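We just call them A, B, C and D in the order they show up, numbering each chain from 1.
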Amino acid sequence: MLNEVKGLNEECGVFGVWGAKNANYLTYLGLHSLQHRGQEGAGIVTNDNGKLNSYRNLGLLTQVFYKPSLLESLKGDSAIGHVRYSTAGSNKIENVQPLLFDFTDQQFALAHNGNLTNALTLKKELEQKGDIFKSSSDSEVLMHLIRHSDKPTEIERIKESLNQIKGGFAYLMLTPDSLILALDSHGFRPLSIGRLPEGGYVVASETCALDAVEAEFIRDIKPGELTIINDEGITVDAWTTDTKMAICSMEYIYFARPDSNILGINVHTARKHMGKILAREQPVDADIVVGVPNSSLSAASGYAEGIDLPYEMGLIKNQYMGREFIQPSQELREKAVRQKLAAVKGVVDGKRVVLVDDSIVRGTTCAFIVKLLKDAGATEVHLRIASPQFKYPSFYGIDIQDRKELIAAHKSNEEMRQQFGADSLEFLSQEGLIEAIGLKYDAPYSGLDLSYFNGDYPTPLYDYEKNLSEDF
Amino acid sequence: MLNEVKGLNEECGVFGVWGAKNANYLTYLGLHSLQHRGQEGAGIVTNDNGKLNSYRNLGLLTQVFYKPSLLESLKGDSAIGHVRYSTAGSNKIENVQPLLFDFTDQQFALAHNGNLTNALTLKKELEQKGDIFKSSSDSEVLMHLIRHSDKPTEIERIKESLNQIKGGFAYLMLTPDSLILALDSHGFRPLSIGRLPEGGYVVASETCALDAVEAEFIRDIKPGELTIINDEGITVDAWTTDTKMAICSMEYIYFARPDSNILGINVHTARKHMGKILAREQPVDADIVVGVPNSSLSAASGYAEGIDLPYEMGLIKNQYMGREFIQPSQELREKAVRQKLAAVKGVVDGKRVVLVDDSIVRGTTCAFIVKLLKDAGATEVHLRIASPQFKYPSFYGIDIQDRKELIAAHKSNEEMRQQFGADSLEFLSQEGLIEAIGLKYDAPYSGLDLSYFNGDYPTPLYDYEKNLSEDF
Amino acid sequence: MLNEVKGLNEECGVFGVWGAKNANYLTYLGLHSLQHRGQEGAGIVTNDNGKLNSYRNLGLLTQVFYKPSLLESLKGDSAIGHVRYSTAGSNKIENVQPLLFDFTDQQFALAHNGNLTNALTLKKELEQKGDIFKSSSDSEVLMHLIRHSDKPTEIERIKESLNQIKGGFAYLMLTPDSLILALDSHGFRPLSIGRLPEGGYVVASETCALDAVEAEFIRDIKPGELTIINDEGITVDAWTTDTKMAICSMEYIYFARPDSNILGINVHTARKHMGKILAREQPVDADIVVGVPNSSLSAASGYAEGIDLPYEMGLIKNQYMGREFIQPSQELREKAVRQKLAAVKGVVDGKRVVLVDDSIVRGTTCAFIVKLLKDAGATEVHLRIASPQFKYPSFYGIDIQDRKELIAAHKSNEEMRQQFGADSLEFLSQEGLIEAIGLKYDAPYSGLDLSYFNGDYPTPLYDYEKNLSEDF
Amino acid sequence: MLNEVKGLNEECGVFGVWGAKNANYLTYLGLHSLQHRGQEGAGIVTNDNGKLNSYRNLGLLTQVFYKPSLLESLKGDSAIGHVRYSTAGSNKIENVQPLLFDFTDQQFALAHNGNLTNALTLKKELEQKGDIFKSSSDSEVLMHLIRHSDKPTEIERIKESLNQIKGGFAYLMLTPDSLILALDSHGFRPLSIGRLPEGGYVVASETCALDAVEAEFIRDIKPGELTIINDEGITVDAWTTDTKMAICSMEYIYFARPDSNILGINVHTARKHMGKILAREQPVDADIVVGVPNSSLSAASGYAEGIDLPYEMGLIKNQYMGREFIQPSQELREKAVRQKLAAVKGVVDGKRVVLVDDSIVRGTTCAFIVKLLKDAGATEVHLRIASPQFKYPSFYGIDIQDRKELIAAHKSNEEMRQQFGADSLEFLSQEGLIEAIGLKYDAPYSGLDLSYFNGDYPTPLYDYEKNLSEDF
């Protein structure tokens, strides 16, 4: 899946540090390894002996921190950081996180991965009370609830507030004296905690960020958990006990980095299993197996092993493609698109190709890739998708909230096959996906959120109920 | 092989267009797909109805042409372009190509991929005559020779001059009325010509650049060939008939893009063969096969197929790593290095790993990668190199001219193995390499330049003879 | 007065447009001519058929809008804009104005020139109610008050809120259907309204911005006035009738551009009168009169005319001095300072010089300038200041809130003269200043705020009372 | 005269240092004070113990050296630097000076202020010998001549070469062991030498640059002089004795900074005299005198004193105007022009104004400025030009080589007056100009080049003879 084209985007990655020298640079490293989770904005808040300092801006992490002095000015030994994807309309500096609040009596920073399903309702209620929101993101609602809470302690205020918000969230909160982590009651988004060899704790959306700072993995944060890290150590509490694991299956299928482990399952390995099971479920008589780089390479190699065909590099992704690329006039547009992805003629010419993709969301690039392979001489292109048909929008932190955009919601396999110009098109079954990931929770679908594929949302949708209608 | 670390660098890529609208943008696309051949500078010269216009600067192509107006100002229907790698000392704007010469009576532009072995001698002779060089690159010498030639026609002057220069070169020359291509007498560097569907010709260092503009491959330029393209079509001439094919083997092993074909051989396929033959020559009892991304993935998958072990993504390259990355203080240096490459714990933990790399030049990263895998739980790491021991410097266009830097020139396999911390270390044989590439020329080593491995240089070395001494 | 050194800074300039095509560009032009009022940040909000759009950033206007597309994206036929000076500590993007509030039911933008004296008290009260502030500037308080107001109409809510804030303010507010202007009850800050030749209205901190868009001056906004401009025209209302004119005298002395008229008085002319009256009050036997460029040139030419001595260009300001200037190591620091200002040896050598400066605040550059002149050969330097001794801080919109920094608050004339190395030092009297400006209001000091010089603040100081103590 | 509009541009400023620590930073300071002489490009070459290092680029000095490391990398205790104006067509990095030549046996750098009148002829001759030019500037010719010379010593080779070039030149040459200065035989361009208080010598186009580094003025370089500065001190030699002083009168009138002294005459003082004598020659009955900022302010104050009228700031130049200013669509063009210059209504309204400008070249802004004043209420505008009618192009280093562009070459005073909409228009006489400057050389026009006004060129024009024809 080419994310630049397909437009399925994770909304965030979060990273936190407590009790370590160079918290600024550790956070920079951690966020750098989470960059795939959001490329639109980045920021870091550090705690310098009780004074919180912030820097954030639009762009990639290395663009935001384009000179060392910006990072160096963020002193302190604890920090939280955020990388953000944002929808076009709200690509504003105001929405880049972490959000830092400078109250006259306190400072408080938060970073959020996920999406609240009742944010709009809460926001309207709060505005009725005179509240003013500084961002258009849903993440800020939590801060307002905390400030309105009458509970005597900050932790109680936070707990009360977490019980009012719905949807998917992994929150990092930084105060002058602690780093606080909260996960929603279904654990939609991953969040793991580790220990630095030099002392101190780190927390991250993916374990690849723990590795990036050479931290030792301790454990995954559990649904409903509220964890406080401060100079006395780690305190594990819960804001709710009404929990049921439903981790986002798309993390395994597409979002996460292959070297991350989610709930103990390695992502590359899960993808390879998806490919292998897909080969078992949907075999085809062909010469070679090719994956769409980079996210489908694991599944493709699994398919190749499963069906015992050569796994070949039939498509090349240009590693120098970036936003700075000058878009051409209309007549040259197709040539420019070919800059992103090239077929390897010497590999596919005269061959019957199994093309493995991790998923189909809008389906806008499939026809292009099939044509690329056929133009390069492939005699047949059999499309195999290593996940089920993506038919339902997401409301827990992925940027696709509109059924109209989802091709599988509206077209049959055969209609899609024709549109893509493929010789065959098959998908992994839901059972195959569950088997491939191999989670063993006593929860629906073994603890996975498969609502993308079956519409079985683990929670009420509140403000988003309407988005499921056919008109959306 | 991690090129940022190992420092083996191609010195250039060239691209040319004749007779096509949007020559500027076509050249931009072509150079973009050749960016892997040089990241230090880029430039384009276009021919606007007989007036040559130029823009060039230091940096990546997209950094040089950071705004559309820079590209749009280069009007015309023919062009040449260049991407350049340069050694640290000469990283100056003056050396960025194409070089455009504004004589009072003529304009002349040239772009050069390769390295001349008698440039210094010629330069001194020319300075004796009062000549002044505008760049410190060797490429400019040809222009001076042409201007000093007494021959009556330009083509004769060019031929006479080409007979005076030695070494490796693929020259593109642009004048107000023609595009001229010249290849050295051994064809050290690849150069291919294609035809645009909309009419007009393109020429490029690699066929991937022909594909990038949807041009149809016509043929490879031959050693000693001088080709003139103008409004009357293509005229194939020769500046010498004393030729012997000796294409650079490192193009197949490391430099070229996997989707390019060189002399009819697909690069990915050749690499996969190298891996397969290496598996046959140097098998090992292990659990999984892992390649160093990205250049060794083809060879690794070949090795896996050859030995019938699973091919796994045991190492991940961070695609967001760039020059803007802020380097940390010394104490965090090792963590920063881990940003470039990460081991996939979930894959390698508890496994005996065959680690396939395409080549070892300086050997500076091998120990790091082996440690990365062992830290991630690999119980054994068997290093397999898909090319022979790299013992001799290069003088035909690759930036490594000093024997002292070449680890295999000074250490035995066993010494290297110990230094790297690997459980075993083996290389592909020279015969295996020849077989894998599969060229069938009636020339030494089937038409390959293998001097990197055997010191058998196809030409005298002139100014560089001394570099072969032990002190260098 | 060299503003880069002395650090007396206006905090803002505001500009608004209603009912004109190209509101974005008109605002850009208007703000450009107000750039002297604030160089730290700039922003524009436009109203595009009821949808408010915003862009703002740190830096000069031309740096913020560094490419045309940023301006072009702000469509609409009404707009407000802001240029901002900010104290070092709060130089954050969050504080750059206009502030745009996206409520779920409404959008509202505001831009503020001035300073509220009870902002901290109000902010604490509002936070008690759960309010959260997005900026650390005082300007945002008004929005919160408006949202908390129970009044039935927006205008009534605004009026009620204006009655709660104290200090100096000129507010521009933009809603989907109107542009609203409010001035404090003393008219501390100037605000004028004009009519565009092509139709539509503009409002600006200074009349030079009306001229910049070729608007015809209509009138100055009055203390306590609330003016609503919408498609039905201009409605002049008042939020209070308890008003007393006290326009900031430093606008005439230093801040405003010489081509602006404030309350009908031309600024250059007022300054020239200050110089003339100073010559009458404090004559001196000398050869030439020199002004400190650029702000003191008017006063210097007035002094020269008054005393009938030649007015000479004895000091030159380098017009290329900017922030990008590389600061040298310590040993070269004094040479670098000389880049800003140079003495004209050929003019001052052997001469007795009257050096006219508009004011002395911290006094940090006086000694440097006197030395510059003496090094250039001046035999005597008589310092004449075209305003009284600046002894009291400002709380109505000028960035100097600390008595300790004010040299005249702590030193006698003779002490200052010695410190500066001048041969004599005299100031304009308060009566002379009043006469020079020539306002004729039936108010203390003829309608001028002279608190800088006499400590007679027109309002209670609320949160700033403590700043008047000797310790501050 | 608004230089952005009128387009009369000095082509360069040069600065050199010998024998001083921080030669890089001293050169930076010196060039910064010469920035008014050229804003298109800047560069510095330093001599670091015999190794010459260079950095140069397009843009203002502070844009070229946009980060300290660029300056810091230029180590050494001698240096030459250059700021450049360039005509549109040749605004290329190749032409930015100093030019540094890296011969295989030597390094040599040169910086040139002026223009050679036989450069094209020499260039063609040299190209016949096979020479290749790296720049399109005339400055490079000297280097080629030196390299072709057969003389035994470098100084003799330089002398022989200087005798072959014609026109106006002030050359700074830097070699590993000396700094060499050469001035043409008429001294068209100023060049002065000074001594640093900390030891070492500096040389600069204007004395303001000596002041900028606190150097003590020693003397002006004489026509035909060749000066060698090295570790043994200063050696004054001559490359010709056939000399006759003819310093460019436009240096006094417009180009030089007011604080510079040229041949002992202060520029501001000379301009004030021009204004005074103009008042004597061309008085007018009026109310106030206004100068066009900034270059005409000295002359205007002289006129005011001469005729005993008030000198007023009737026009304001916006100090924030820069290249980054976004140009508007056509309909708003006139408003944007007003950003550069504004009339002070409060000053000129109802007044009869004498508008003093230093010179009229193309005359493109005069009508605009007259209209500006009349729109602001001036009842009469009497234009007084503090130099004679500019009728002849320049070939010694000023960028105006085409008679067609010169309004006074084609129109009578009355025709110009009508075109500008002025109530009267008068110029300073040639005799008045000579008297105002007050040079006392035994040479035509007292040692001034007045060819702009009278066509009496001190030298043959060689390649430019044709430019004097009516068609040009």
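We adopt the following convention: contacts are C-beta pairs under 8 Å (C-beta built on N, C-alpha and C of every residue); 3 or more make two chains touch, one makes a residue touch a chain.
Because the structure is a prediction, the values reported are computed rather than measured.
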item: Centre-of-Cα separation between chain D and chain A, whole angstrom; value: 61
item: Centroid distance [mean C-alpha coordinates] between chain D and chain B, Å; value: 48
item: Chain C-chain D separation of Cα centroids, rounded to whole Å; value: 37
item: Overall pattern in which the protein chains touch one another (line/ring/star/complete/other); value: ring
item: Pairs of chains, among all present, that meet the touch criterion; value: A-B, A-C, B-D, C-D
item: Chain B-touching residues of chain D, taken from the complex the two chains share; value: 57, 93-94, 101-105, 120, 123-124, 126-127, 129-134, 136, 143-144, 147-148
item: For the chain D and chain C complex, residues of the former touching the latter; value: 22, 25-26, 28-29, 32-33, 35-36, 60-63, 65-66, 68, 71, 207-208, 211-214, 257-259, 261, 265-269, 272, 294, 297-298, 301, 305, 310-313, 316, 318-320, 322, 324-326, 328-329, 331-332, 334-336, 338-339, 342-347
